[in-house]
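Letters are used for the chains, namely A, B, C, D and E, taken in the order the chains are written, and counting of residues starts over at 1 for each.
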């Protein structure tokens, strides 16, 4: 019973990692860059939701919609202002850029007097509710995360697999020049991707807020989502989810059964092992250049 | 404008290409040697930090800028060096022995990390190094009998042969000497076959291999050298800062190191030191100017992060070649004056290509 | 492993025996055998996707054969790690050009000297007189190749900005810098115009005759093929179709059918339009 | 159009003017680095010209967004294949038709290119990056055809193709031109083929047009014969030492 | 000539985290200090004719930056004293820089023993250490609650370790062992396996080496899984955020503390008055950290006044070493310093969250 309860907590926590990892994978799949600002976008989304609820006094669903839409716009704006000018530069420049954006976002939030340095709670309607399934405990906050992650990853998977726009995004990331030749509006798609990623981040932020509270440094949880994305295979959306679950359960179990300290590095050990055994992750494609 | 007439191949492998080089670098050396008399104590300490970070930057530059392997866990090597030095200095070892040992131990760690590098590239390598960094940081925190755990560890001054490199000028000279040696070593490496092998691996692994370059060997070598320099820097850092604790070698530190080489200018030796100047100088600059800002901004928490991030973003946007790139432009402008044309460094459109296939 | 190697006939530098490679459902190379004799120019031809490049990749050990063996100078190539192939004296060019883009032409060629370096890591780092001498010596060798291929003009340009044709020549140069005994050329003339193809033909002949290097090449330009090759092997769908002198192979009905095509006169195109 | 383009401070083409009439096949010849590719890239908006303008169907498309230009009915077979390596062959073709809205037409054209190159149909589900060089070239050509354009720019379409396929490609070119009235601008090293398939030709050297004429007449010129068609007495070895250099610089 | 002291001015340096994980505390501490300085200027006019100027540096809770900040304050700005530096590791890094120049490290805001041990004439510390807090409070709690099994959960860093050591010492004093101990990393969000461990060990008293979110996370997770031991936190968990964010489940948590949280509707009139003043000035509610900052500056002013017009490091130390401060308005205990006793007072008292508010439930716990 203990074991199952631990696995359940692990799954719940894993879904959180998976949810954030979805953002990474989304950006990676569509632009071949890694966004280190994803955690910060999530933080902004949570603050956005908080703003709508606490300061504008609107109900929860309005906050959800507002934050998601607002963040999507913000993501697009961000793309327009700072990503687009260096579109086409090596992916690594963009990685650096996102690190910079992360700093600015964290600092800017901290600078807001009276709010930025505080930790706040987002009053959600389902706060602190627990479902008892027999002897097992299911936390509603976590169930919501699990459901949302599953739905989102299915939607995004369909986008990349079946829609023309989704395929075009991948095409543009694989060979931008050729994408231009094909008349793919690379910049517009990129704009869309960043908007989407920011919206996904906002969703993650809103869902996480009841669990981790809202504060300027909440984005650091993204560091745990990296291992999730790697274990799943960086280019795979279902992989992000599965990777998150793996990391979550391993953490949960190792926290209970292994000596102290293992829980904190479990995620990273799993990544190292994974990279040794299957360098491209569980769902990552085997890549080999043909010459 | 300078025209060089080359008369022998040896000219091409000389470090100083012409009289101008000799003159300017001579001047720089003179300034650095005279710094303890010229600079205030505070500035000298900053300069020492710059030299230390410059050494680490050299290593990372070699790895990221020349071999094309990005490490997001370099603080681990930095930390291995720092802790080794702290422990050995605590046991009374002379630094002439302990510093090389610190570098070697870091190099050994580097080899271990280099192993996954043989199999993974790009972002996967980044994640492997990142994970490794976390694991090493955890070891620093848990191995209390050696590292002092989270309580941290104080570090004695560097000593050898009855001489103590006290804080201030003596320690500064020690760092200066080592930085100079490290720079020379890197320059030498880069103008010889080993350095070219690194560049080859960066640009195309397949054809590097078919040119007879053993990928495994050179990638590990690159990691080892890079880690050794980080370890050396770490050893000096430990002395300079007197107190080390595991959280000084976390992911933030790794990212700072990476930022340093990017801002400095990937793929140039100058960049390592320019980046170090930036990394150490910027926070100081911010706190210097913030008193002049309106209190609502100047005194607000978070200002530092905003400016730091903002400057970074601006760099990537406007000067992708980093500080060194900027310097090149200024130099060309001065050399060509008044013939400099505006479009000269106009950025060309470039197109991203998947680096998953290399 | 168990049976001692039967010594190959003395004049065969490279022997392929029944080599096969399968990629998923595709049999890219299927039981192909051939010998490349010392000092000859041996050409592989065949329709697109016949498996010619795959044969090259097998020789340079980028792929491992599913079955069969390749011996080079009496050694089993399968035992060599990929980077050792170059030091055995096998150099190659690539169909799609694989140069070191962000290095100068000179540096590219110097990298070609890698197998001949005589200094170790410590010598390099100290830049000892030995390293200095080695550098200058390498440079001299490279300059010979530059002269041979008329590349003086491009010595210090970054490869990234060079026109296609020049890159092809640089790649050839890089392969020559390794001082190979066997040179693998994958479509040396593709992307070159008639004039340049002619230069290429001269170079290949010089390489064969003056430098004494055995050449194995893949080529689609039949005039070049018949001009320089001693023997030709035609492949189709991974299998050997014909082998012999250029003239024989070109006359082989299977080759004509699968590879050369039957329209003889290109001016037919014109008449259709007119 | 009349353009001047440069890569940074290096001028690649200088004041080139050329015209392609509706429904005709034009070709540009020139040795390595003459600037042929640069011209094509300038036309399709990948490079912005320093000076000059590009007109397409009476509209000024100078320095327009490449996506817009493609939408106007111009497609490009780039030099060096440039397929999307990690997409399947089918998806690659689909991307060729990105700007099109008519599903039926796309399906029909897909069938058509599969007929031209049956191997592509066979490999429809394979990653394009794993195709052989020539197969990738076929894919690049097919992908451009999928846009069902009014003007196709072909940059060395025969690169790496077998002799048989090379001929077939030119047949296809001619057929498309005739059946659909598609205009083509062809850059080709195989001058013999190009001059036979095209109506009008330009000769480009060092970024300048040095000669232009109908293909019929170009074929008769001595210099063209010698330098582009390779028609001269089969020389003996050592010929290169006294080789005649081009004179029109 | 004493650095940092001029005819009209005394330069006081402080290093706070203004951009890192504790940016909130850093800001509040700074504001508290500034409030006292402004009061000085308005009410007394100065210390022997000198005004205090506060120089603030941001170290982002990073030891390396702390060294740089300390170097700037000491060597460039030439401050007289560094007061109220936040955080253990940053203090550890900064102290050598200060000591080299004979600069006092005055009342750092951290409750680690290293702040006064090993003794150095330049160290002064006011806060009862986490170690002492728990060491003294635990036996009392064990007795009061008749606990059978004492366990601990603590943050995996220097702070958590101090609490843990205090818990071990306290348990020993009560004649027990720590039955189960478990840790987490700073910034952790999931405590399920840790709580499962504690629950599996049947703990009935759990010592929390936690700060804010971790305190809430641990308690919330426990309540959910029906695990209801007595929780005892340190002064790091004594903040109004616990009940504000954690809500109902936080009721019943004990924490050791000295300085009382200045609620705006506090019963005690001076605190209420003080809190209102703070709120007007900085437009935010004061916290314990504001109070710390205020008190530190207050003590500095008292000592500097006593040191006389010729203010030097030596005269200041001489004054400090015979100082005793009475209990302050926030309920902090009386403090006294001598040349060998550099911790003002090692005692703390217990508060409990009752109905969503901290209530002091014990007097200072005597050993």
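Here is the rule we use: a contact is a pair of C-beta atoms (placed from the backbone, for glycine too) under 8 Å apart; a residue touches a chain by one contact, two chains touch by 3 or more.
Because the structure is a prediction, the values reported are computed rather than measured.
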item	value
Given chain B and chain D, the chains that contact each of them	A, C
Shortest walk length in steps over touching chains, chain B through to chain E	1
Two chains sharing the most C-beta contacts	A-B
Chain whose mean Cα position lies farthest from chain A	C
Centre-of-Cα separation between chain C and chain A, whole angstrom	47
Centroid spacing, where centroids are CA-atom means, of chain B and chain C in whole angstrom	41
Chain centre separation (chain A, chain E; CA means) in Å	36
Chain A and chain B: spacing of chain centres that average the CA atoms, whole Å	31
Multi-chain contact sites of chain B, meaning residues that touch two or more partners	141, 206, 300-305, 349, 354, 356-357
Numbers and ranges of chain E residues touching at least 2 other chains	19, 23-24, 27, 156
Residue numbers of chain A (touch at least two other chains)	107, 110, 113, 116-117, 174-175, 177, 180, 216, 261, 264, 287, 289, 291
Residues on chain C engaged by chain D in the complex (per definition of touch)	23, 45-50, 53, 95-96, 161-166, 187, 190-199, 202, 205, 220, 222-223, 258-261, 263, 266-267, 269-270, 272-273
Of chain E, residues touching chain A in the complex	19, 21, 23-24, 27, 156, 181-185, 187-190, 192-194, 196-197, 200, 212-213, 216, 220, 224-225, 241, 244-245, 247-249, 283-284
For the chain A and chain D complex, residues of the former touching the latter	164, 167-168, 170-171, 174-175, 177-188, 285, 287, 289-290
Residues on chain B engaged by chain C in the complex (per definition of touch)	9-10, 12-13, 185, 188-189, 191-197, 199-200, 202-204, 206-215, 221, 267
Residues of chain C defined as touching chain A within the complex	53, 57, 62, 94-96, 98
